[in-house]
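Chain naming follows the written order as A, B and C, and within any one chain the residues start at number 1.
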Amino acid sequence: MFVGRHEAQRSAISFVVRHKAQRSAVSMGGAQHLSYPMLGYTFRRLLGAVLVLWLAATLAFGAMQLTPGDPAQTLLAASGASPEEVARRRTQLGLDDPLPVQYARYLADLARGDLGVSWLHGRSVGRMILEQLPATAELALAATAFGALLGMALGLLAALYRETWVDALATGLAVLGLSTPVFWSGLLVILLFSLYLGWFPSAGSGDLRHLILPAATLGFALSGSVARLVRAQVIEVLRMPFVMAALARGLPLRRILLLHVLRPAVGPAVTVVALQLGFLLSGAVVTESVFARQGLGRLAVQAILWRDLPVVRGVVLVGALAYLLTSLLADLLQVWLDPRLR
Amino acid sequence: MRKSVERASRCPGRKVLERALCALAIPQLQAISPRRPLRHQPLAFSSLLWLAAIALGAALAPYLAPSGPTATDPSRALLPPGPGRWLGTDFLGRDVLARLLWGARWTLGMGAEALALAVGLGLPLGLAAGGTGGLRDVGLMRLVDAWLAFPGLLLAMAVVAILGPGLSSVAMAVGVAAAAPYARVVRATAREIRAQPYIDAARAVGAGPWRIILRHILPNAAPALVAFATTQLGWVLLNGAALNFLGIGVPPGTPEWGAMLAEGRAYLRDAPWAAISPGVALTLTVLAANILGDRLGEG
Amino acid sequence: MRRLFILLLVAAALTTGCTPRPGGRIVYGLTLAPSGIDPHINASSELGIPLTSVYDTLIYQDPKTGEFVSGLAQKWEVSEDGRVYTFHLRRGVKFHDGTPFNAEAVRFNLERITSPDLASQKARFMLGPYERTEVVDEYTVRIVLKEPFAPLLDSLSQVYLAMASPAAVQKWGSEYQLHQVGTGPFVFVEYVPGDHLLLRRNPDYAWGPPVYQHRTAQLEEVEFRFFTDPATRSPALESGEADVMGEIPPQDAARLQGSSDFRIEAVAIPGVSLMLFMNTARPPLDDLLVRQALLFGTDRQAIISTVFRGTSPVACGPLAAITFGYNPMVCEFYPYNPGQAAMLLEQAGWKDTDGDGVRDKDGQPLALDLYLMGWGYMPEVGQLIADQWARLGIRVNSQVVSYPEALKIAQEGRHHLMPFNLSGSDPDILRKFFHSQAGFNWAKVNDPEMDGWLEEAARVSDRNRRADLYSQVQTRVMESALVIPIRDYVNLNGVNNRVQGLRFDARGWFPWLIDVTLAR
């Protein structure tokens, strides 16, 4: 395993030298950023968040305007409503107003925290989202936990046994996760664990047993990128002088791995997972459908297919909010996990 | 080789997110031993062989395939693999091998088109943001954040609706959705390179921002960006297929592998071969692209 | 009264052979997460599957005879001019919340449905030229129409026009759909959107229509879950997570039929069959010969046996064979005959002059744009048809589009062919497709004579006259080759054998859960 220890040591030392040199370069270049007081940073981050929310809202508004199809006609066509009745409904939905008026009204409602009423369901969008949010959050969290754990295990194995068959197997599994669609792996999992073995239910939400299959399926898809990243990180950390020092001091390898190697490697994995939130929601769309779960993803797909604009906008805003929150959390978590960053 | 090791440790973005992204873009397989020729790296070599094989299969499909990719024959529906139908037939009696061979064209074409769009949009955006910094950087990145906040698959659905149906629309839709993370990675990498002393030197001798971006940042960032692009190949192919699963997507009957997978899953219990073949082909291709991407990044 | 009840029980026990065991619970699999479930507002057919048992309607339709029978209305009269319907209501009926049911409740419900503020998506339009409701006395109510509307009784027998508790509607406002209160054999307990919907037996139910076999529900609870992914429906049924599952894919149905634990109950759905509308306004389909060639050149039997595994009947005309007014003569038209198809195309001037395998005329290839929606096996059917026609030298460019896009494409007439099917028990449904002003006039037909037939049939109340008019319409549709019928819709319900007595209403979609029992 440590065939190239000598060489590794050398490169680790040379790494430190360069690292220091580079750090000074960074602090020169980034001095003005670092000198900002914490308050200013918080303020700027908050301002950025508002900007992102506004942009996401505008993006959703614009995208749905460009999408062909008349919402009023979509709602009423199958009922045999006359063209006049469809036109009346269109006016009722406010679709006859000029675009700037619709946009201004939308922003004004948003500012008051009003997400509007779903054209398709006839209920408050805010309430509908609140109903679906817990199930989606539950799935996302469980899948993330599973994906992160599996990814870290695979990445660690691959890094420790680099360039051996273990590496090939672990990397292969990770890429399998990256290249297997959830609608396909989900069905396999249902057939195997639910129908043939009868271990877990295939459908619905509620207790933990219902969560296991969908979370594992979605988590497996997520583990691929985590594993690739952890592998790279661990290889990098293994080259660090403090690992050598710890080895020299006679600390057991297991302890070194846990305390010194894995801990700093987890941070970036967490952030990658945070970045994958959009992916997670996309995956949730399919996962919810395959495992007959409730959730935001299904709500959003239905809304897009039916041109239910208030719901589409609502889900996008919630997605943006979740994205901002997770990236903030990930930043904090990483600092906590990796003391070098403090 | 050394250079890439340095890069791995030097992802200094102020935000942790950016640092992680930058690290993700750094090639994964940094062997400490000196670089070996490709033929002595069995994984990379077989990856290259596989990609060459499917490219050849795609090119020679008219000669190799036992029949056309859309020729149906209800009397031969769902037959298991056997002589004359090496991978079996699907629910419309079409030869799976023929569809797989022809499908390589659509699949590779779609993947290439989507990736080209992701890179075409993401690269300039990320370079403009990360290569110049300042207000432009902040503004562009908030835009990318908003874009990222739109769940990729939903964005793709909206784009397909806007562009109208068709294989090319699907490719563009997933490409647009993949462009945002790409822009983020480009920006993180560009910022990292911008912090290097030689950039300061270039600036000191009067090089303009765009000259710095094009002459210094882009060439140095290229390997990492290629590596990340290949990891996105899997994403674009899978999400093209997920659109099919959701009932919009590539034209019906297109032998694109993802679409074959989506269609074949309904018959998983009667005719697993109809879905397993495109599934294995898809996985191997994504695997090969990932491994080669890593190796390219190392160079 | 009590004695009568016991007598009835004994009679029931004698006729069925053994006393049915009351109690128990089943899980019923629905196939779509419905888009809102207020029957007065929303339009999905999924909502009717649970809610038919929560509500009662003024009248019911006997699926065997097609006759309308009493429900909450014991009897009714229609005025000479067909504009005024008078209903004499049953007494002693109470909503689940204790509110008494009376004429005022009927008026309240119909006013709610027709109020523009409610933005009804279906119920409002089922009332046709509705004008007002008059309360004559506590138990007599009058519905007045602006003009005669023959499908009204059919509409009033559907859950969309069911009677909801005025007190509950007022109490819950826009959240009423999560707290629905009716008079039916089951009480609405809870609905977690997208997850499940729970019904519990209403022990006080005593006013069921004569089509119900039991006086009160036999099951204690019914839970509904939503299985949107067709491939997972059969596994959920087989692993015991659902006892009844709608819309089992045909290939899974074939497997379940051979099992000793499950059965398939195939229910034919009345309405407009799955068919391809041919845009008669866009060349080359403006040529009758070409349209007829497409009909002769389509091997529908092959489609049925391949895509539907023989589980659906081949459709002959625009109406499913089970629908009232169906004209069996349409089956005489267009048997599969590729030779005839080729001949007609030659006759119309389409020949393959450049030898590329595609016919052409005046330098234009014979290429048709086919737009499909991604549900209901339309993509599968489209692929087979495209290949069948390719052998006749016709190129088909098919695309999958979403429903709103399809509507837009059709409105602009950019399609050559587009499939659709719609369920509905009254043949007036044909007016939505073949009237020149219809929203679904995807064939772009403009036939004043057919418009006249459709309008008259919507007005006259004489069933025989209506049947004649609809027969003429069906013949005309096929003579003018406006559509390529593919299959009559059949809902393949997978049922666990422990579930007995599952029957469906005249719509074919909605189960009468009151009569469902569990085997010992």
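Annotations
Following the convention adopted for this analysis, a contact is a pair of C-beta atoms (placed from the backbone, for glycine too) under 8 Å apart; a residue touches a chain by one contact, two chains touch by 3 or more.
Quick caveat: nothing in here was measured; it's all calculated off a predicted structure.
Each chain gets a centre from its C-alpha atoms; the one nearest the centre of all protein C-alpha atoms is A.
Taking the CA centroid of chain B as reference, the farthest chain centroid is that of C.
The chain pair with the larger count of C-beta pairs in contact, out of B-C and A-C, is A-C. In whole angstrom, the spacing between the mean C-alpha positions of chain A and chain B is 19. With centres defined as mean CA coordinates, chain C is found 44 Å away from chain B. Our note on geometry: chain A versus chain C, Cα centroid distance of 41 Å, whole angstroms.
In chain C, the positions touching at least two other chains are 231, 402, 405. Multi-chain contact residues, meaning those touching two or more other chains, occur in chain A at positions 67-69, 183, 187, 191, 289, 305. Residue positions 161, 164, 246-248, 265, 268-269 of chain B each touch two or more of the other chains. Contact residues on chain B toward chain C in their complex (touch as defined above): 70-72, 74, 77, 91-93, 161, 164-166, 244, 246-253, 265-270. Of all residues in chain C, only 33, 35-36, 38, 41-43, 116, 118-119, 121-122, 124-126, 174-175, 177, 192-196, 225-229, 231-232, 235-236, 238-239, 241-242, 402-405, 407-408, 411, 422, 431-432, 437-440 touch chain A in the complex they form.
Chain C meets chain B in the complex at residues 230-231, 249, 251-252, 255, 302, 305-307, 371-375, 379-380, 382-384, 386-388, 390, 397-402, 405. Interface of chain A with chain B (complex): residues 4, 7-8, 11, 14-15, 18-19, 22-23, 25-26, 29-30, 33, 48, 51-53, 55-56, 58-60, 63-64, 66-69, 162-163, 168, 171-172, 175-176, 178-184, 187-188, 191, 224-225, 228-229, 231-233, 235-236, 239, 267-269, 271-272, 274-275, 278-279, 281-283, 285-286, 289, 297, 300-301, 304-305, 312, 315-316, 319-320, 322-324, 327, 330-331, 334-335, 341. Chain B contributes residues 2, 5-6, 8-10, 12, 14-17, 19-21, 23-24, 26-33, 43, 138, 142-143, 145-155, 157-159, 161-162, 164, 180-181, 184, 194-197, 200, 231, 234-235, 237-239, 241-242, 245-248, 258, 261-262, 265, 268-269, 275, 279, 282-283, 285-287, 290-291 to its touches with chain A in the complex.
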